[in-house]
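Would you mind keeping the following structure in view while I ask a few things?
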Amino acid sequence: MQIGMIGLGRMGGNMAKRLTAGGHQVVGYDMSPDSGRDVDSLEALVAALDAPRVVWVMVPAGKPTDDTITRLGELLEAGDMIVDGGNTRYVDDARHAEELGRLGIRFMDCGVSGGVWGIDRGYALMVGGSKEDFEFMRPIYETLKPNDDHGLVLAGPVGGGHFAKMVHNGIEYGMMQAFGEGFATMVRSDLIDDPAAVMTSWKSGSVVGSWLLDLLANAFKDDPTLESMPPVANESGEAKWMIEAALELGVPTPATAAALYARQTSRGGGDDTLRVVSTMRAQFGGHVTKA
Amino acid sequence: MQIGMIGLGRMGGNMAKRLTAGGHQVVGYDMSPDSGRDVDSLEALVAALDAPRVVWVMVPAGKPTDDTITRLGELLEAGDMIVDGGNTRYVDDARHAEELGRLGIRFMDCGVSGGVWGIDRGYALMVGGSKEDFEFMRPIYETLKPNDDHGLVLAGPVGGGHFAKMVHNGIEYGMMQAFGEGFATMVRSDLIDDPAAVMTSWKSGSVVGSWLLDLLANAFKDDPTLESMPPVANESGEAKWMIEAALELGVPTPATAAALYARQTSRGGGDDTLRVVSTMRAQFGGHVTKA
Amino acid sequence: MQIGMIGLGRMGGNMAKRLTAGGHQVVGYDMSPDSGRDVDSLEALVAALDAPRVVWVMVPAGKPTDDTITRLGELLEAGDMIVDGGNTRYVDDARHAEELGRLGIRFMDCGVSGGVWGIDRGYALMVGGSKEDFEFMRPIYETLKPNDDHGLVLAGPVGGGHFAKMVHNGIEYGMMQAFGEGFATMVRSDLIDDPAAVMTSWKSGSVVGSWLLDLLANAFKDDPTLESMPPVANESGEAKWMIEAALELGVPTPATAAALYARQTSRGGGDDTLRVVSTMRAQFGGHVTKA
Amino acid sequence: MQIGMIGLGRMGGNMAKRLTAGGHQVVGYDMSPDSGRDVDSLEALVAALDAPRVVWVMVPAGKPTDDTITRLGELLEAGDMIVDGGNTRYVDDARHAEELGRLGIRFMDCGVSGGVWGIDRGYALMVGGSKEDFEFMRPIYETLKPNDDHGLVLAGPVGGGHFAKMVHNGIEYGMMQAFGEGFATMVRSDLIDDPAAVMTSWKSGSVVGSWLLDLLANAFKDDPTLESMPPVANESGEAKWMIEAALELGVPTPATAAALYARQTSRGGGDDTLRVVSTMRAQFGGHVTKA
């Protein structure tokens, strides 16, 4: 198929390569002149595609995606298709679909997992939209996904793809936190000589065997104590959105929340809470806290 | 009554004063010569008391208390009474009671709450031991407790006093954390002009009215943003012990654990966990974390 | 002052009585004919008030409040004042203020705490709006609040009152959960004879002394084991909203979340999570779970 | 090698088969006559082995293991070796090693992961003890472990094997909870047609790919909604012990605790907490909770 790829960063660039290698004709556009783009404007991208055009948006969530979709709505025509492959919050998908739908432009949301490894391993794709649109896009999805029976699902109507990806990332947060807690506990125990060696041994035969563990074991080769890594982590939004969605649905997500809170705390989010705690302690007990 | 008070620090010293003011004869001992002690050794303390002797141990939990009780076992005689008023872990009480019991020495554990305010406000006392011993000690307890219908309970057999105090402190941790989370949320909101003023207003009419809130409001007078307080807090053991006891009893204590974990995290306890998280992120996504 | 009170339920009815007792002229309206209402329609309420009219809306949050404010917007005129005293989510306040502002109608949001006890004890009021409007409404606020120096605050601009009340209720959730965890731990311990007696003793001298504890102690008189109470609790929205607001502000609220999750879990919110856990256990270990 | 296997249940029985298939001579003993045991008493087991004897204990943790090790201490002689492969709490290992050491009997602890799949996949082994003993036992370990470079580690001195296994299982708890929370959130969302299909798709290309996910996907084939599974889960001790160990080490483990608490709650552990919450709500607000 012919497809326009907007955003040629770490994800979009690799996906374009995998699509090209799979026999598709990719026209790439990126804001940056150094991106290896094929065209230098959205207008040129649209002009380079045959109707019905297929455009994959792979830019940062929020305003960049909003602006790109709005502009595409002005440039594309009825019957064309936009796939939002970024990390857009699922609640925005319905709005995008509605705005584009008024213009006759089709819309799908597609959550993409796989990171920098996806170019070789294939990407896990979670798609939201109609069955008809899903079949239309299937050649692209089939090329992007891994070469086996999994890694692609029509999760539900528009919004379902990003909802599924959001949940996927929330789970990922929980798993990472679980591994982290285990490592941290072993680091402080006199009974464990080398926590990295223990965790690496779990790659085979163990119940916790996983791709995340494989990645961690890989990193341990260079830095078994992880001393080179600062004790902080950012959050990218999706676990937060999952927790909020679950709150509204009445579903407790304490492990996911624990994982997110650990990251927010590492960025100072709990500082004022502790100031209150220490203040009260100082008041009632004469406890003095040294920084 | 006549009573020996061992440990004349912030708690023991004030309790001795309240007892003296209440008409009791207190013989005070402390390791420090500057403590205002009446005698300069345990031997002298014991010698100064009439049989059956009553000795109140008010020293730090753990080894200091263990050593004091062991030494008292050597110095006291059958029929004498030891009350451990410190923050001893409840599991140690049975051991102390048994060791002393073999010598005919009576033992009670008494959790004491009230902080530096107790000298005036009275202390909340949670006692473990027999009803007979409780009645024997009642004159002392009645003087230490507040001047109303509450603040004194025979919680259960030996160990029950410290168990109750442990739970009391666990609840205190949860309450402090709850106030802290509320303050921290307001600090970051554009809709709240002065979080300290809001919280101070809750002193009357509100569901969250409490002594802890009164203390906090008091501190806000000098430092409404709490900027002078470092964003860290120590833990004193009791919430941790409660969480462990509850774990073994099959009772989830997530709010208490959240409160303890916040303090442990503020002391770096979660650092290695975050190193793992950031390492995995770096591996799969090319995410780079800046310290 | 003259004031129209819309909603004469448990809260609004009692507030009307306190205002009347305070010398204000209250015109009450409620949908229910049995409410003791003074007028039988919003139209009649508006007609009964002198301009500039003051109307206090005390109806359930969400659609009832929305509809009432919309209808009042049609009936009132420029210079009139609406105070939303219900448990409206703070994000809705800006919308209400804007809609009414276009009509020249003034708007304040006022979070009200105190429950059924407020009629005597006074209500804690957290107000959002301008200083000018606050001064205009002060006579009403002063009557509703407790008769001391606290219980009333201008928390911030419109939305700030409900934001402060939301945080207040989130703290309340955490405190209640903390007391609950402590009670539950003592119930299962052999060392505690009567958990209710222990907690009741904390009413004086203790660090956890609070109005919530007083209420609990009151309930213990009739049911010291709480056996008559089902092990479930509903949630009313505000703790959930606080957690969501804090998530967006980057502030971890693990104790508040623990409290909310306990309630959601008691209503079956975690059931599907446990089905997954048990399914995995059954798969890898041959573990069989009996219901 | 020649080895005595005590306990021929789901784990021990399969391990004996794998060892036999690997060319070792296994003498099996189990309390049950129907177990396919080779000998009908510990005495006969010891008699059937050549010195220095190697005995692998694979019986339930706690008293069964304690009793078995004590009895073996009486039957074995200096130079013999006992490996405890069960789920013994790490703190008990030092005691066992010391008791046996006085008799000249060697001791290792070995945490074993792999469940019912281990017979074919191989078992992940985490060993505690000396390097010398580890090398002595290596032929056995090499046969039990998977046929690749992983799945076996000398974690540390005696106790280190069970400590590592404990942490391993704690991580497993967190991972399972994370998957569960994700599934539960999708079940309640209108945007997800088939949560089981979404999660099954993650088997390839996704960051959450793992053996646990594979097992779950396997179970989904028969029951995509998991309706046949009761919403409860038991706990087996190890996550609890990890949380306690971490508490003492000052390491917060909120995700692991969330996972354990979810299980304890499903068994009624939080009921009394909610009774307190509902009691307070009833007191201050006139809230009535229906069971």
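First chain written, first letter: the chains are A, B, C and D, and each begins at residue 1.
Basically, contacts are C-beta pairs under 8 Å (C-beta built on N, C-alpha and C of every residue); 3 or more make two chains touch, one makes a residue touch a chain.
Because the structure is a prediction, the values reported are computed rather than measured.
J.: Compared with chain A, which chain's mean CA position is the farthest off?
T.: B
J.: Do the two copies chain C and chain D share over half of their interface residue numbers, or under half; same or different?
T.: Comparing the two copies, chain C and chain D contact each other through largely the same residue numbers, since over half are shared.
J.: Cα centroid separation between chain A and chain D, in whole Å?
T.: 33
J.: Centre to centre, by mean C-alpha position, how many angstrom separate chain A and chain B?
T.: It comes to 46 Å between the two C-alpha centres.
J.: From the C-alpha centre of chain A to that of chain C, how far is it in Å?
T.: About 37 Å, centre to centre.
J.: Which residue numbers or ranges of chain A touch two or more of the other chains?
T.: 115, 177, 179, 181, 184, 188, 207, 211-212, 250-254, 257-259, 261-262, 265, 269-270, 272-273, 284
J.: Looking at which chains touch, is this a line, ring, star, complete or other?
T.: complete
J.: Flag every residue of chain A that touches chain B in the complex, lowest number first.
T.: It is residues 10, 115-117, 176-177, 179-181, 183-184, 187-188, 211-212, 215-216, 218-219, 223, 226-227, 229-234, 254, 259, 262-263, 265-266, 268-287, 289-291 of chain A that touch chain B.
J.: Across the complex, what residues on chain A touch chain D?
T.: Touch list, chain A to chain D: 90, 113-115, 118, 121-126, 128, 145-146, 148-157, 159-160, 163-164, 167-175, 177-179, 181-182, 184-186, 188-193, 197-198, 200-213, 242, 245-246, 249-259, 261-262.
J.: Which residues of chain B touch chain D once you look at their complex with the stated criterion?
T.: Result: residues 207, 240, 243-244, 247-248, 250-254, 257-258, 260-261, 264-265, 267, 269-270, 272-273, 284 of chain B touch chain D.
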